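In what comes next, chain A is part of two complexes: it sits with chain B in the first one and with chain C in the second one.
So, the complex of A and B:
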């Protein structure tokens, strides 16, 4: 049983997540830079490219917020703020090594519930400004949620089934020796797909994509935009990080201490997602819907059945 | 003591948000006021020590209300609250019915002979609640669940305008379905 983290961890968690998000965004900007303008000539140029997201964040901080006619400011603000808040709340059950800020007996359901909050938040952010394009983006994300949420729930249920517990600490403890990714590969792949879909990023950025002039984020400017798009990076970091305790053995590993293994694995998953994004086109959610319900749902159900049979015969 | 404070705060917010559902004239706001109310109820269930049920209420209600907002906006007049409308109809009758129901329920709360606690609180209240709710009737519950799910599927099948004959031709022999939206599996 992992012991509870000290109180200061509650303060450190959002900061650590934000730092991870900035690093991931910097890595993404470096890859984008070398794809658009060729490889960086010097270390200085590479550093400048990596700092681009931070510069953009500072620019947004001083940018004037945009007002639209007859906007629902309350709901719009609520949606924008809920994205990072939901990400941090979901991160509360994320174990760092073997300790999480909180390790409730239903940690996995908690994580899922906070993701669902972020799902509603994007629709709110799209609804708020009273603008057609941002509303289109909000509705796109609701439809996308219907596509990814079911296979995603089956995938995380499979990990809980393997550990016979909904407590994240127990799931990590059950992977001492054999990681879940070895005997639940389908659930792991589906989880990674839905991690991208949930943070509406990469191949699943249709809700905020360019064909709708930025979709749900179309009317956001200034601090609102920074909070919303920064919250999206936080979501990506948290969902990618949660794949480590669920499938990659959490802090288990030889030689290095638990926290170092968590860090190494989280960085590896994030790097895979950020680099892999470039190999995939943006998917329309109706195409993913059919794949999700016709292929991924049966696949994850079979995976869960396999795990259930193994667990029953243990 | 902190539990009592949290209880009262959640209870008051739940009731206030519930009232606001009928005061807002925007469907989106009404839906999310209802969600606020239900999230507070989820918090109250968490306070009772029913961790799983509380978090599941938060999860299910968030998903449900996010979907319901779409239907509310679709079917009700004045979705964004730009034109005056009211959520309340038959005001006098509704007020009388509400007052009567409240009086009956409050009388029930005050007059019922509540049992005093015997023994100790159980270690896993969720498990005990589940057993006491449906322990002897597990078979009925499972059959009911299947029947409900079959009803949902049947309703969707009956409601959809395009059936398999539209998709795969009159002899059902088309290799690829003829869909309004192409893409997805196999195409």
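So, the complex of A and C:
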């Protein structure tokens, strides 16, 4: 079913991801604004609040970058840049409707490998500035990676198992009729949790949280900060978007064309994550680790077992 | 080219604010928070992210070095303003914004000449993050040596008896969501607190009473104070503390609501207008199982230990951990709703302030500070911040001891 996407899609991809990230961040800013300052009185006020991320980006572009004493500039910069790069590379296998920029036979492995770059990115960004609180942020992400990565791998393996293929296009094709979320609900929920965790956002923003003055991002100013924190939104969009081909039937759906279904489903997942974030404090890995390994790992293994048995008997 | 100038100017129309509060300036802090929020300017938590440093309170000469340090570690265009008196803040912010816009628009020549900032860490008690240092695993066990003028980390046994690097990291006084003026000198291994030294900024003698304790102290001096205003102050103090703790825990949404309610209570909102919102917020916190699961067991302080340490007030009555103390605050706020508009005079012998008994041998926050080391040692950095926020000592009270003694006589 998957066709090769035209070449221009390669150029459009980063732009489309960035637009999606700005929209998602704008929605988030609107919700935060109503918590801080009460409901917006007018449409104009609501619009102004939604523009906050763009204003913030412009502000950071005007700020001059700075560096700290004895910083490891090479590794620090590398960490910062890796965040958006990993997001865009992971986005390459994200199908729009039924077409992706690239649909290799090991697409799911590619996606997971790109996400794993986030490990390196946050750790390096925390290490780079030679500052204690940055480093604490970096440590926190390593602990977070240990907690979320195993259940996450089992969750996406389950989807691949259901389609009997590691090609993302095949996973989408296998959901013609019955979406995977229906018979793999546990894997879907675990995937959403790990999507938040690997984009270190929302309840999983401990590596960059306020209590450590911004953790891994504590020393980033100007463009560095924009690339790092903007890259985080890209990562969130991509990981949330990937739940659509994995579990929500990709472009399958009645009436609308495939690309429109992909868009609708992606928006729904992002809105769920951004709004759901309001209900939760930040999860500290010291507590979450136990849940991840004692509850989520067995749960995803049982889910994978169930899917394997179904597949063998079909 | 003028487009660039216009963009530069637009960028600074809403500068990011880093607010630092000095001891004794609680009222100014509340004013600054409300004003910045009203304008919709972003509030940040690190110098690296800030354009505008707002100092609430009058800096003593001792404060200048660390404030300079913070300002130096802010990226250009950077500006510091001092909000020393209430009522002048709005003008000061307007002026600061104009200056920042000018700075941003005209700095192009300097941009080429100057390299990025190098933070100076030599002499500040609390420039809270830049330029700290960690030793690399170089195979040697010596503790001396320098890299770029900074001492290397020393080594020591951790809780599992592994020899690991130790960092000395001062936290405060410029951290966000942090008691004004408090400085904790932490010895960290990784992110585990191995040692704590409690310190604070100098507390200049001030004619002003501590803001949160003011109604009770004034009543003790014989002034006419209505019960309603005392209840309002108590509710606002607890909402302030709860907002702080929730912000440290990372539940920004509810923290923001607590702070908004705090400002409404202080500005005289009626019981009917805020009652519903307040009860909803309290229920939301109460019912949150993730929150309970996340902070239960942190900073366990049983009543007998608290009493022995001289703690009174909510921290004693809560008889438990950080979560119990949070709920205690919120329940006291909810109970206080009834009395918001009570016009009867406050009894002069009522000396139970928001943080405890004001007529004891020492101010209530002194006891809260004294138990910090035993509660913090061995905790992880994040837990340590939560424990401090769950006790929320008010350093304004430390200047209080003679006042309450005099009132007693």
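Convention: the second predicted complex is superposed on the first by the 314 of 314 C-alpha atoms of A that agree within 3 Å, B and C clash if a C-alpha of one lies under 4 Å from a C-alpha of the other, contacts with A are read in each partner's own complex, and residues count from 1 in each chain.
We adopt the following convention: contacts are C-beta pairs under 8 Å (C-beta built on N, C-alpha and C of every residue); 3 or more make two chains touch, one makes a residue touch a chain.
None of these values were measured; they are calculated from a predicted model.
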item: First, second, both or neither for A:130, with chain B first and chain C second; value: both
item: Which superposed partner A:11 touches (first chain B, second chain C, both, neither); value: neither
item: First, second, both or neither for A:302, with chain B first and chain C second; value: neither
item: Touching partner for A:275 - first (chain B), second (chain C), both, neither; value: neither
item: Contacts of A:139 with chain B and chain C, given as first, second, both or neither; value: both
item: Touching partner for A:311 - first (chain B), second (chain C), both, neither; value: neither
item: Partner chain(s) touched by A:260 [first = chain B, second = chain C, both, neither]; value: neither
item: Touched partner set for A:70, first chain B, second chain C, both or neither; value: both
item: Per-residue touch tally on chain A - higher for chain B or for chain C; value: C
item: Touching partner for A:290 - first (chain B), second (chain C), both, neither; value: first
item: Overlap of chain C and chain B interfaces on chain A (superposed complexes); value: 70, 130, 139, 284, 286-287
item: Complex contact set, residues of chain C against chain A; value: 7-8, 10-16, 37-38, 40, 42, 44-46, 48-49, 51, 73-77, 104, 107, 111, 116-119, 121, 128-134, 147-150, 167, 169, 175-177, 188, 190-191, 246-254, 256-257, 259-260, 288, 290-291, 293-295, 380-383, 385-386
item: Sites on chain A touched by chain C in the complex; value: 31-33, 35-38, 48-49, 52, 55-56, 58-59, 61-70, 129-136, 139-140, 203, 205-206, 209-214, 217-222, 225, 277-284, 286-287
item: Interfacial residue positions of chain B with respect to chain A in the complex; value: 26, 28-29, 32, 35, 51-52, 55-56, 58-59, 62-63, 65-67, 69-70, 80-82, 181, 183-185
item: Touching residues (chain side chain A, partner chain B) in the complex; value: 70, 72, 74-75, 78, 104-106, 109-110, 112-113, 116-117, 119-120, 123-124, 127, 130, 139, 142, 145-146, 149, 166, 284, 286-287, 289-291, 294-295
